[in-house]
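Following are the structures in question.
Shared between the two complexes below is chain A, which pairs with chain B and chain C, respectively.
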Partner chain A sequence: MSAAAARGPLLLLRMVAYEFRKRIQFRAGFVVREVLNGTVEPLVMLFVYTALYGSAASLAEGAAEGEEVALGGWTYREIIQYVAGLVVVRKLVFHNRALDLAPEIFEGRVTKYLVMPFRFFVLLQGRFLQFTLMQLAVATLAWCIGFALAPEVWLVPVSAAATLQAVTLVLMGSYCCFLVFFILNAMAFWLDVIWSLLVMAWFVIGFTGGALVPVSQMPEGMYEVLSYGFPYWMITAPIELLMGRLGAGDFLHGAALVGGQLLALDLLRRWVWRRGLARYVGAGM
Partner chain B sequence: MSARSGTGQHATGVDAVLEARGVRKVFRTFERAPGLRGLIKNFVARDHVDIAALDGVDLRVERGESVGLIGANGAGKTTLVKILAGIVPASSGEARLLGRDSFDLRDAEKRRLALVMGQKSQLWWDLPPIDSFRLLKEIYGVGDVDFSERLGRFSSMLEVEDRLKIQLRQLSLGQRMKMEIIGAFLHSPEVVFLDEPTIGLDLISRETIRRFLIGLAEDRAATFVLTSHDLEDIEETCRRIVVLDQGKVAFDGGLTDLSRRVTGKRAVEVHVHPGARIDEGALAAGLSGLGAEVSGRSAGSLTVLVSADRLAALVPRLFSLLDVKDLSVERQPLEHLIREIYRRGVDGPAGGPAGGPG
Partner chain C sequence: MSASPPQGSGVGFLARLRWGLGVERQYVRIGFVRKSQFRVEFVNQVLMDLCFYASFILTFDILYGLGGEGRLNLGGWSHEEMRVYLGMVFVADGLFMTFLGQQWHFGQDLKNGNLDSIRVRPGSTAFLYFFQRFSPEGLTNLLFGMAWLAFALVGVVPGQTDGLTLLWALPCAVAVIAWSQVFLMLSYNVVEFWLLNSDVGHLVSMLLSNFGERPLEVYPSAIGRLLKFVLPVAGMAWYPASLVLGRLDAGFALAYPLLLVGFAVVVLRIFRRGLRRYESAMG
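So, the complex of A and B:
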């Protein structure tokens, strides 16, 4: 491998190391941002579902003895496992606050990268890679703690292959999120309301992926539509793979869908960045 | 040669590192009418205005030249640097760096370029400078031996060897700027843009940085483009001066020529006792005899411009004409200088020979 060709991966590793140092330099910030992140919504879901299934059970007193109440094809026990899966899966999803590109564009701080002999996107890919590596460790830790505390209800993957398939889909979806947030951040070349767009996008991606309600529990028509989007294959589908509700055929179908969307988003990312640079004024240099 | 066409002398050179031909940059912004009505109208439909930051700039910089770019705020000097360095595109005209369209630079050209911005940090804020330098080493592909040698030499020249491992944000402004300069020179660039590198620094830091830049300029065949409001920065480090005014080149020539023509003026600020009556007729007559003129007034003070060689005669005359409370003498303010250069350029030949030294 030539020196120039070797420099690319080496540079990416340097960026990962740089991002890693940035993330862990403040301990409190690290715990709040990286460890506690994504734990509140599942807790809220737990309370809501406990109340819902409690009401449903009292309404279905006529049901056969020992028969579990199912809402939208999900029993209470499965929903608890889903919530457990959500705690782990959401840790791996690149979130809207992990990319502070818009202020850098708006305040002209990207100028320095534009005169450097490297693609600025490599720096951001380094951030994505650092995020993913760190969150894989945090998610594993979260799963172990959950399993140690409540082994009878905690989600245990049906097989190693299912785990691998689920992680692959989550990471592909996470990269799609990264691209979506990059594109929205790059809108700072035109707009100054990026924060609002990011918050809206985060909510929409979360909802359409199943962060509040499993997509397969939603009405049939809605499920049909949402199952074409990468958010579904990033949140609901991987958990269903871990639970054994989906199989290898579904994984391949999902991987193809998400792969296509990933490529389309990457093309859009390149186009937006090029158009944006042509408008860049480098405020204050 | 007219001051505004002062680049013609370079047109025959073959080793141009930077070139601007008829570069024009227009920024579109919108105007808002005042009041509630204006607010509502602006919400529905905006009135756009085009502001020309650069208006047909021609410039040619040869290899090894050190060019000082000066101008008042809004004159267009930073915009010109941004265009030449490939950060923003020109609206029209042509800008080239190392023979290639500035806005389409490849990594090969970028590796030979450096930019230091006095008002924006190039280095990573959260890291100690040594980590940023290592990152830059990878980005620019600097070899281990060169990296160690240059880092040791530059940090010693700038007297910051003991600050390399301290987080950038914890360093003083002067130390940060020295680190910025080290970072910019680690890859031994051929073209260096320095935008206000000494802004906000104390005298000692300024002097250290100037010495460093002069040393590098003499050692190597690097090309420097320095923008600054501080004439001393320019005088000490550059041999060619380009003055921009309202987006146009108002002067392009050697420092000696500029000094001879315009920096020979002094601004005398006279503070008079409150309530003191000024005999305007006598003042005008007394000043005109020395070729001096009142260039500005404010409550209790006035500024008088005079040639440096007539300063000694002017001071006693001011005491005889005015009830002087205090008096200070400074170089002619930069803004006045530029206005004068531009006026001369517009009114007639006075810009001096273009280019020259380098």
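So, the complex of A and C:
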């Protein structure tokens, strides 16, 4: 192995350590941004679903309140498990605020990275890895707290294999998000402001992934379309794998779909970056 | 317009209001000048909020559609009523985005000491700081929100309320939304004086806004009471929608705005107290 090739992984590790240090600097901010991230919407949706299933139960004669009534193929108990799964899974999804490439481009600070003897992208991959490791710990903690508080209703994975499959899909999808946000940040080579694109992408990814309503509970036509996208395989499908609603065959199908999209996004990322650098003048935009 | 606000005990409310409106007119002018330079960004921000509105509309269309159209309700709110509720949420969001966008920078500005230039200006620091970023794209989305509200009201007017009621209830509802948005926003941000640039203000804002975007009847009664009487998020959409739809009894409808005034007085006092902690270079 050449010395330059050996430097890559070492640099990556150093970047991860550096990113950890930066994140832990502001303790209150750390709790808010890293620990409580992604918990509010599921909590609110839990109340909405409770009211909805209550209404459905009152319409269904003889059914116990909130139970056994299925809406769109989901019982109330399953929906609670889904919401619990959302709290955990969404923590693992790469968040757009974790990437601040656009200001670097806009203010002409990318130059200093371009003269260094390594690929600039490895620095950002370090950010992704730091985010993932941190959020894996936070998600595990969130799952443990939820299980300790409400073991009867909390989402317990059906098997270790299902957990592994679900985590694989979430992380593949999260890397797709990372690539999408990189590409949108790189739009700063052409646009003055890109934060609205990032927020828009976040809305679209969240909704089409099932952050508000499980994709498999949506109308058939929507489900058919959305089940081709990586957001579905990043949010709804992994939770369904953990619940046992999907199996190993679905996992392979999803992994192939997300893998294809990941490669396509990476090619797009390389192309956009090259095109952007071609117009970059190093003195801010 | 005079550079300084009218001073002295003899100066009336109207004179102060006129001065405030003059300042706001200048902010509007600057907002249009700034945003006309960023046309793509203008379109993007309008699209961004439309995505937000569409995700809400679709979510509730899907949820109500699960039981067959017209059968399910959410805490007693039918699908038609929920559309009106969402209209109020969009109007509240539009008002917020149009006038109060600067609040996203409050923690950082506090940390960097950027309030100096605001504090030396004559006039209320809170008003001059939080209203300085007028957003034409927010105004565009406010118009979309109002259009949705009008569409939603057409769906319920024949059965539930009438045009005459709407004539007085709708302006009252919008006024309550504006008042609530301003003082709720201020209450979220005062936390930053004590927990500098921690994002706690943003978290509280996100948490309570999310709760307020759904009818209070879906929550356990303790949370509902908290959102009505302690942190009156109900003023954002629940009270205005209930007022317009005739879901409130007259006593409550009249008393609730007084509670909102009381809340505003308390928040302003806390804000002034927090402002005394400001030391220019807090970071």
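Basically, the second predicted complex is superposed on the first by the 275 of 285 C-alpha atoms of A that agree within 3 Å, B and C clash if a C-alpha of one lies under 4 Å from a C-alpha of the other, contacts with A are read in each partner's own complex, and residues count from 1 in each chain.
Here, a contact is a pair of C-beta atoms (placed from the backbone, for glycine too) under 8 Å apart; a residue touches a chain by one contact, two chains touch by 3 or more.
Small disclaimer: the values here were computed from a predicted structure and weren't measured.
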item	value
Clash or fit, chain B versus chain C on superposed chain A	fit
Arrangement angle, chain B at one end, chain C at the other, chain A at the vertex (C-alpha, nearest 10°)	80
Touched partner set for A:Arg7, first chain B, second chain C, both or neither	first
Which partner reaches more residues of chain A (counting touched residues only), chain B or chain C	C
First, second, both or neither for A:Pro117, with chain B first and chain C second	first
First (chain B), second (chain C), both or neither touched by A:Gly108	first
First, second, both or neither for A:Val281, with chain B first and chain C second	first
Where chain B and chain C come nearest after superposition, their Cα distance in Å	7
On chain A, the residue positions that both chain B and chain C contact, one per complex	none
Interfacial residue positions of chain A with respect to chain B in the complex	3-4, 7, 10-11, 14-15, 18, 21-22, 25, 108-109, 111-112, 114-118, 278, 280-282, 284-285
Footprint of chain A on chain B - complex, ascending	27, 78, 81-82, 85-89, 107-108, 110-111, 113-115, 117, 119-122, 124, 126-127, 131, 134-135, 138-141, 195
Contact set on chain A toward chain C in their complex	26, 28-29, 32-33, 36, 40-41, 44, 47-48, 50-52, 55-56, 59, 71-72, 191-193, 196-197, 199-200, 203-204, 206-207, 212-213, 217-219, 222
Residues of chain C touching chain A in the complex	37-38, 40-41, 44-45, 47-48, 51-52, 55, 58-59, 62-63, 65-67, 71-75, 195, 197-200, 202-203, 206-207, 210-211, 213-214, 217-220, 223
